[in-house]
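In the two complexes below, subunit A is the common chain; its partner is subunit B in one and subunit C in the other.
Let's turn to the complex of A and B:
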């Protein structure tokens, strides 16, 4: 059908090219020096040579930052212990499966009855290709990864402000927005609007490019026909034998697309953080944290609630309550401390640090976010709508619907993400009871998938401001706060250093937490060696 | 970092929206009547009720078309037999693994020494979401599917005509082409070029959209800074703790992009046939054919080379040579015949059909194509270049390099697709010996991946014009030939009907073969019942 290929080359040119292609090593030098292989600031595990024997480090929190810090410090020869509030590793890198129970702040308990193999990641759920630190730990500990489908051209884009509220296919709005832009720029080019900006040769090449890229026809128009249908799809696809002929589809007008602000949805998958390839661990995001935890399992004390952090020039003293034994208080001492407790909690705790770090801790509010998982009796989004993985976007308060990127085509119950939002919408949903949240997610989602009500089985929600000992989704740095406080938050205060996504320039991402931990322990190591 | 979210909504608006969202069933009616759920002409398995007991159908070829025809006809009560030239099912839907041997026309034999778990699909290798017939058979017989990564923003786009021959990251050329287009159209809009075309309100909305979609800055310029780096990526990514600050990247100029014709590469993934989500069967494309073959295994006679097809008004007589027994000739009789033998072979065979079908068979040449698989000692494309799956494009004769979409992050040897081209390039490569092809693929590929020579382990190639009893990749219909001959090719001729990708409007795709087979047997059934 379409031409996924390059122009031909003659045999002579082919052999000539083969002859000229020597010098691969020299070329690689050039590429590397040009930064083609660079990007991530992760350059491998930290170098922590020569730790003084017996030096102890207490790590607060067994989220991904604390786990990685513990693993690397112990590798380097430190005596390491971890205190963790929950009864599991991972922190916000958390996966809920059938049989799990969760009690949120306010006392409401949810019991998860999802089918075997189904799961819900209330926190991180995708790993971009450039998050090389997280990927490296996944690779190192043998965590199987599979693609996370972000962009699905057959998913929906829904705007209550356009198309009479009818959901549109992503491929339609993607193709049509681009096609109209190409047509308009082509017209402007032909009419001389770019004569002072581009050379004649470039204008000709641009017109040719706009036609191909924009799916314009021979007259540089974006309209119903083979070129546009090769991008947006047909009303009736080409078939086999003597079946009815293909029927081209008809583009949506630009005015309606602009009213619906559909460019917001189609730009998302083009952002660096959401570009393919993205990944998810097979079986749930917590597989990575669990794999690191398996390496340092004996070092972790679970259900230990830290209540006070004190320090002097000889070490740290951390008071914690043992939830396994009626909250009995204990004190743990160590030479050094890596604290990964969220600032939302740390700010309320008795904490012996200097004024600059204290001010930094108080300067960072936490963003609200909620995720609502819905289990349905069958994969109607695949069976009825041919949507396999990916995300439908809406301007309704649920913000999006994300389809499972595993188990494609299987029968039986399956879980999708029925809401995932931030800010005011998230506060509204978090304020509801778990049952009310499900109802709201079903009501809104029914506008995109009318099958919702008849196919619904059960749901589960996590509003991050109600998660005990977390109380927020991620540190919401303002630009001003970052300028004034970021270095003070990250600087070692006596014998204490903070780590976690809040102590990074990649907030809300596991990569930020891991890079923060690696940077923190390298600096701590240098100070301990001094 | 970036805002994968919608604008907020007040609690009152939220509750109001919930209240108004009744009527899901009515809405689904509306959606369905608007064709939102349509597209594919596949509407489920064929209805073949009431077959006359004992009626026999002989199927020629156990490729995906023949297998599906056999399965459905037998389900309907027909007596079915299949004759297949190869010693395996699947035809061009073929997977080569370690231990396999292949002798091409000309007599050269290749032995595959790929590592366990590695494989090579010389034929089809991806299944678009809208190929619902193929997907339905995969689902029905429990074939596990995983995403095929088509677009990889971190793969390369390489043009020997631009960038001094240096490969560019896909994310750079994608972001920069779109960004420059947005900036140019923004300028034209601001300067009044669209005043007669769009309303003032639409012009304002368009400017806002171009800024977001094109990653323009506050002055509607596409240049180095946070907005463009949020699309194309940074020179140094944001990191953790006190690591060095992020460094924005610098866009490439439009002139160089136009010279390199990079829009060809970035438009490919936007074509209907290559839009996400695409799939591949876990373990190799032949898993689908094998799964159908398992249902009809007892009906298949392998290594049976059909040499003559005769028919009269009572039935068909097919002569075949038994390669298991020195080519002994046999004759198979049946009431009806479904022939899926490629036209490239059928055209050379003694075949008793009318002049219209004969002319149609002779009117369709077969396109050349070759694929070259290369096994390397390690996944340097992942480890060194952070390319996980997807495709790098080049204007060199290898046309593209495709990275394996399975086993991400694993150690050990791995196979990539080092060349996949059509037309003249494919003829050139097919004319070489298998060893020469590998050398050429390595030479060309080294310009994109300098690690090629030092990491190479072994290769395997299939040039379709040298595949015995296939002799070509797919039926290359011209528009004129299709107008004149297509219906004559597909029409039942006496007791014979043709099926396969060549008898479809989806050439070169398995979906075309399957839809062709389903359409053919439905018509055959109606004729047999008449």
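Let's turn to the complex of A and C:
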């Protein structure tokens, strides 16, 4: 926002006035119209005042959605209990560390021997700056955050179809693609191709813009020289004294860049969800869920497998099996229920809901995804290749290699993400044994980093269709299913409301889970108060 | 002889590793052709190598000795359109691949249905776009 005139009252003073007189929501509204806030629909924690004394809410699932719902409902005065299938909070907000074991469906167990301080986030691993709800809970409960590096100009872009399979620096791919495009558009402009589209004045302004944006020289050419090297770097960097200095580098040709479709890799970091700044909790993604769980810990019953959800006009009755005691069945009663169980699981249990919600639950399949973590004896990507955090992209089945955005420069073992994929390759990786997955990830990764084989220590993999508590990565809504069923999935059915990433328009993101939970409990509260 | 052996070693060492794609598909469609390869690359991720399924918080149904496979249309439709939590494969498998994998499951794992499924059967069951 810019204005030529000084406002009669400063923005800060105005916002403070609005905040005092009309509350936070109005202030947020005002901030938005002043261009100071945008993005997530999060408007601050809900104010659910005046719960009827003794009213109870049973929450199913202690993932981030269930935990936030539990915390806020208890703040509002509800009697809250949580049933959780796992023996830990967080659900998919999950971090694997040395000493952890994990048995996937099919019975194969992996034991993690990662070094102290090293970890693997099989699920969410980054938080965009505009995911205000998740960030607000991290801030509120004192979870330390650090920058997550998405774009690293010195990481690699690798295509098996171009450059004879040799990985290229992201910096070179981005600078050269941009430079060649700028030069071509400049030529089209100079040769009159845009005469009917732009005025002479705008054509001249465009040429100037292209020169700066594309690092073109005085003749509007993208070629070896000082301008292009200021973007793509030098063959010999500027140095001190009498040393050889500032030797320009030579751009690669446009044809090779197009052949390998390497532009795909440089587009990702420009998407809204991946623009800087992004964050990660220090020590692993589960730190946020653990911090909320600490607030409501005494309310959680772990290793409780829900088998049946029944309701009538007086309340809900949830049957659950106690895995700590030979699966003994129990019934839990409550006035209301917030169910965050993934639809992949919920759809299989005995469930007393109306036909619209039933149809919605059955309309959402769960996607395949794979992540593989690899621990190496040393940070060769930093020590040999000067890659500090960020992501290398490849058209190989591993899709990418993501480097740890913590512990830079330290000696000793370190863990990187050696594969993260969706689509056919995710199914194929999931169908393998854990040992086969590691072997394939090492083979593919060594085509980008030849140090892989000699420096490898151990690996750990999670194929989400084999995760016992979700049986899939996230709710894969089709556009058609969303039109037909989304509102029915989110609507309160009697005394039951669903929440989780599947009940949001931010699928697979923690922000979606939290926003869904907040929206669900606000509606539930209004109904309970009516 | 020595030179020839050295050459052989070179050939064996260099490109064989670099070209091994471990049977992975390229792009958004599956590349496997035979029913067995398709089962091993896709289905067994959930239904398991022995097709007996698995049980966690929910269940992946067993395909072994499964009476619901008696008619070929049902498994073809499930593979094409998905069912509840199972994703649809209509966009990532062609008619011949769907026929091959359904045939494979219906003739293995204790299933012995003899009426084969053809690509034409599958084509007829596809939902028009």
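Here is the rule we use: the second predicted complex is superposed on the first by the 495 of 530 C-alpha atoms of A that agree within 3 Å, B and C clash if a C-alpha of one lies under 4 Å from a C-alpha of the other, contacts with A are read in each partner's own complex, and residues count from 1 in each chain.
The rule we apply is simple: a contact is a pair of C-beta atoms (placed from the backbone, for glycine too) under 8 Å apart; a residue touches a chain by one contact, two chains touch by 3 or more.
Just so you know, these numbers come straight off a predicted model, no measurement behind them.
Asks: In the superposed arrangement, does A:105 touch subunit B (first), subunit C (second), both or neither?
Replies: Touch partner of A:105: subunit C, not subunit B.
Asks: Between subunit B (first) and subunit C (second), which does A:264 come into contact with in this model arrangement: first, second, both, or neither?
Replies: Touch partner of A:264: subunit B, not subunit C.
Asks: Just subunit B (first), just subunit C (second), both, or neither: which does A:397 touch?
Replies: A:397 contacts both subunit B and subunit C.
Asks: For A:409, decide between first (touching subunit B), second (touching subunit C), both and neither.
Replies: First partner only, subunit B.
Asks: Report for A:472: first if it touches subunit B alone, second if subunit C alone, otherwise both or neither.
Replies: A:472 sits against subunit C, while subunit B stays out of touch.
Asks: First (subunit B), second (subunit C), both or neither: which does A:428 touch?
Replies: After superposing on A, A:428 lies in contact with both subunit B and subunit C.
Asks: Determine, under the contact definition given at the top, whether A:344 touches first (subunit B), second (subunit C), both, or neither.
Replies: The answer is second: A:344 touches subunit C but not subunit B.
Asks: Would you check which partner chain A:447 touches, where first means subunit B only, second means subunit C only, and both and neither mean what they say?
Replies: Both partners.
Asks: Which partner, subunit B or subunit C, is in contact with more residues of subunit A?
Replies: The partner with more contacted residues on subunit A is B.
Asks: Just to be sure I follow: which residues of subunit A are touched by subunit B in one complex and then by subunit C in the other one?
Replies: 395, 397, 423-425, 428, 440, 443-444, 447
Asks: Touching residues of subunit C toward subunit A in the complex: what are they?
Replies: Residues in contact with subunit A: 17-18, 20-31, 40-46, 48-49, 54-60, 82, 84-88, 92.
Asks: Per the contact definition, I'd like the list of subunit A residues that touch subunit C in the complex.
Replies: So the residues of subunit A touching subunit C come out as 85, 105-106, 165, 305, 341, 343-345, 347-349, 362, 364-368, 395, 397, 423-425, 427-428, 430-431, 440, 443-444, 447, 463, 465-472, 476.
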